[in-house]
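Common to both upcoming complexes is chain A, partnered first by chain B, then by chain C.
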Partner chain A sequence: MNWSLNKSQRDGLIGSAVLSLIILALVGAYYIWGESYQARILYATFVNLLVVVGLQVFMGNANITSFSHSAFMGIAAYVAAICVTPAAMKAISLPLAPWGLNAFELSPIVSALLALGITGVLGLLTGLFIARLTGVGVTIVSIAILVIVHSIFLHRTDIFKGNQAFFGIPKIFDLPHITILVIVAIFVARLFRESALGVQLRACADDEVGARAMGVNVYRIRLIAWVVGTLFFATAGIAYAFFLGTISARPFYFNFVFLTVAMLILGGLRSVTGAVFGTLLITIGLEIVRWLETGPTLLSIKLPQMLGLSGLLLGVVIVAVMAFLPNGIMGNSEIEEVLKRKT
Partner chain B sequence: MDYVIQQVLNALSFGAEYALIALGLAIVFSIMGLVNFAHGEVIAFGGYSMIIVATLLTANPWVLMIGVLAFCVLASVVLERVAFRTVRRADLTTGLLTAFGVSIVLQNLFLLLGSPRPMAATQFIFLDQTLTLGNIRVSSLQIYETGATIIAIGLLMLFLRKTTLGVAMRAAALDFEMVRLCGIRANRVIAGAFAISGLLAGLACIFIMARRGSVAPHMGFDPVLTAFVACVIGGFGSLPGAVLGGFLLGITEVAVLVLLPQSYGGMAQAAVFTLVALILIWRPDGILSPALDKGDKI
Partner chain C sequence: MLQIESLKVFHGPIEAVHGIDINVPEGKCVTLLGTNGAGKTSTLSSITGTARATGTIRLDGEDISRLSIEERCKLGIALSPEGRRIFANLTVYDNLIMGGATRRDKKQLTADIAAWFVQFPVLGERSSQRAGTLSGGEQQMLAIARALVSNPRILLLDEPSLGLAPQITAKIFEIIRDLKTLGMTILLVEQNASAAIEVSDYVYVLNTGTISSHGDASKFGDGTKLVDELTGVHR
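Entry: the complex of A and B
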């Protein structure tokens, strides 16, 4: 194995470092000027960022749309939550749980590893089928996975509480933890993109027959990328459960899928930089719109309360990007390439 | 015996509803390769148009029905002009995402301009009465629904076989460029497909409204998701496939509800989607669709 990095991989390190600086600057700005309610917004943004960067790994490099990520995130969140919640608390929140699920508790690290492991195995099992299919077949099966997992969440109320909240999860993570996770995620995703696997995967996306002719094992690399992607979603799910204290099935369905997919395609799904910028832009846009939604007073004019405005914005962004900017803001380029071109 | 007949009718009417919506999806897909997820919002729009017409004009149910059909056709054609024309040449995924985007926009417009809560619109409920035939009690709505679907499929078949536009639409599914070279306007063919899709949505809307008696922003999403599954099972873009898939799904859903114990009722959707995933893995192009004939019509 040759461990020295080639040029694009060294560039990748620089690019990831620049993106990490942006993330750190955001966190720094919060600690200096921010108010405490903004910690929640920032944390949610970073959870979304983990998901979107994970989406980029499979969806961006393979150029195949998949919608099942919130299902994997939900599975990891529930596994982590069920393992880490103290048994005394679970006796109240999950009184009917079968198999002694409410009679044990594990340390946060073991819970997180278990959640990663279970989600990873499920990712592998689904990936065995997903990697065989092409194009829109993947999209349809991923929708099927999403619907199946959601029905199970809703049906087994004794384990998952369905649409009610599963509460009592201790708060383990805070802003510093997720900041580190996000930075690690950016580096991993970028290095994956520039690794031999990533290059091969992007080659299949551009010309599958050509890539096969060059000896690329399309099935194998799609499977690897799919599993790596699910691990990102699992991390996001764990981070979500470890911060909020309560989870329910509702957030892990189509709305969240559309939100994250919109973030990815706005930034441009072929680059990690695009994933990061798309997430930040949509989050900022949505925060402004949410404030308008509540009917604020602007220039001494009282605006009416407008529910649904944020959803409207999201839909318009998706339609407009698809129509006028199919490659997103960043297209195929990463941040260090843009910076070099400028100087 | 009457229990069996009752369940068969249930399966047929469920199937008819799915087949109607699936046909609306398939006809657009066969011509321009677009999975039109905004179809459900056209159905919901039909429901809102009922309220508008009933308050402004008249609450006569027969006029309302014509109004619903007209508004659905209009909505469908306008959507094509405004949103889908720009992505006509794009790949499947772009189209799919655009359709999801349009669907989100419309749902939130209904939310913003209408109400987040269901709004009552009960003018069609009279269609749903309990009939007693001999010693079997059936719902009249189920009979109307099955009958109307069969008639609609027959008329659609006639249209596609006997009229120039219909023949052009069948040809466009196979080779759009050739149709254009023969001097048929591309815009007209595609607008025609969307108009038919809107008409089918309007028909589905009437029956859905007769059953629900109220309209809500998200009411179109689940039926279209199921109809989409029906299309996948039958082979996307194949019209007979869409009908077959719709009825198969209706039968599966009723079978799951009848055969599994009551407490597993919530798992019907999971069962259906598992079926889809397995079919796709077994035959990636759907049951009725050997890869070459994809898009072939009735």
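Entry: the complex of A and C
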């Protein structure tokens, strides 16, 4: 292995640093001006950001849509939750759990590593199938994975409690932890994009036959990207469980899948910058819409209550972006390229 | 350097090439001429390993016909494919990096790319530009440079003049001549008979999957007679 970086990789470091500064600025703004309830919003945004940046790794570079990410996120969240929750608490919340799952507790670090490991292995096993498929085949199999995992969460109530809350998870993470995770994720995703593997993956997206003729092992690189992606989702799941203290099956399903896919599509799936901007824009948009939903008084006009507006607008955003900006806001460009063009 | 014996190439159940023999000596440029559907691209695909084929293909005496595409690339077979097939959304530089996908010596690879930028200054100027924004001729140069970056023992060129204006075609053939001077072994597939004959040492004429004639390039003159034969024109 040699660690000398070529030009696009050096540019990647610059771009990641700029994106990290934006993240740090948001956190800084919160600590200076924010109100305490906004910490939750910011934390949730960063969890989404981990997922969307992870999505970019496989979906963006290979240009293949997949929908199973919230399944992997859920698996990691539950594994971490089951490992880290005190045995005394699990005796109450999971009285019927098999295999002694309610009779042990592990340290947060071991729990997190175990969650990463198990999710990674499941990512590898599913990847063995996924990497052999192309285009819509991947999409369909990924939906199947999502549905299978969700039914297990829902019906093995003795382990996962289904739609009821799995409670009593100690609160381990706070804003500083996830800020660091997000920044690391941005660097990793960007360096992956510019690595030899990332370039090969993007080349396959442009012309698979051409890439094969260059001696690229398409199966191998798709598999690696898929597993790397699942590790991002696992990290997001762990961060989610370690902050909220309660999890349930519902958040790890279609709603979340569509939300994150919409974020990636809006920003532009070909670039890490697109993933970051898409997440931030949709989060800000949804916060405004949620406020509108409650029927606030705007310029002394009382607006009606409009429940469900957020879901509607999410759909409109996907359709509108697909129609007018098929490559998203950023298209193929990363932030440092845009900045260079301006100056 | 490259010896092909009784090669048959299949596309599904269809036999596109019916047992041909081709020999490409080291440092020479050999051309496969023929009309559309004669089996030229099929022949090249069987050499790179993307098409199903029977018969033997020897590189420096070693039979490579059972090897994977990747292994053949590593042994030094490089293709500039028909229709160029450059990676439009990657930069020119990353396209060249792709050419070296099977190389392990990444440092030397960077140095080699810099060296090819001297040979192809247009590409050097546009190294950070997306390949899809290049003109047709520039894209063809990129496809050739990309093949060269893999450090090949033999370069396969599939219709490099396809869809290019006459002046650009002339430029591409100039590049082929330069590569020959550098000692590169080339197997060229073309429809542009006169230009191909001019640049090559030996010519095979492929006609619906069989070799109808072959010989030193000088034997074919300027190629007009050959083209008449192939297209059925009687003057």
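In this text, the second predicted complex is superposed on the first by the 343 of 343 C-alpha atoms of A that agree within 3 Å, B and C clash if a C-alpha of one lies under 4 Å from a C-alpha of the other, contacts with A are read in each partner's own complex, and residues count from 1 in each chain.
Everything below uses one rule, namely that a contact is a pair of C-beta atoms (placed from the backbone, for glycine too) under 8 Å apart; a residue touches a chain by one contact, two chains touch by 3 or more.
Quick caveat, the model's predicted, so the values are computed rather than measured.
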> Taking chain A as the common reference for superposition, should the pair chain B and chain C be classed as clashing or as fitting?
Replying inline: fit
>> Once the two complexes are aligned on chain A, which partner has more residues of chain A within touching range, chain B or chain C?
In response: B
> Between chain B (first) and chain C (second), which does A:Leu114 come into contact with in this model arrangement: first, second, both, or neither?
Replying inline: neither
> Is A:Val147 touching the first partner chain B, the second partner chain C, both, or neither of them?
Replying inline: first
> Is A:Ala213 in contact with chain B, with chain C, with both, or with neither (first, second, both, neither)?
Replying inline: second
>> Going by the contact rule set out at the top, does A:Ile238 touch chain B (first), chain C (second), both, or neither?
In response: neither
> Once the two complexes are overlaid, how big is the angle at chain A between chain B and chain C (Cα centres, nearest 10°)?
Replying inline: 80
>> By the touch definition at the top of the document, which applies to A:Met330: first (chain B), second (chain C), both, or neither?
In response: neither
>> I'd like to know which partner A:Gln200 touches here: chain B for first, chain C for second, both or neither.
In response: second
>> Once both structures are overlaid on their shared chain, how near does any Cα of chain B get to a Cα of chain C? Whole angstrom is fine.
In response: 12
>> Quick check on the output: what are the common chain A residues between the chain B footprint and the chain C footprint?
In response: none
> So in the complex, which bits of chain C are touching chain A?
Replying inline: 48, 50, 69-70, 72-74, 79, 81, 85-91, 93-95, 97-99, 101-102, 106-107, 110, 128, 130, 146, 150
> Any idea which chain A residues touch chain B in the complex?
Replying inline: 63-65, 129, 132-137, 139-141, 143-145, 147-148, 151-152, 154-155, 254, 258, 261-262, 265, 306-312, 314-319, 322-324, 326
>> Could you list, by residue number, the parts of chain A that touch chain C in their complex?
In response: 2, 4, 6-8, 196, 199-200, 202-203, 205-207, 209-217, 270, 332
> What residues of chain B sit close enough to touch chain A in their complex?
Replying inline: 35, 83, 86-87, 90, 92-94, 96-98, 100-112, 116, 217, 221, 225, 228, 232, 264, 266-267, 269-270, 273-274, 276-277, 280-281, 284
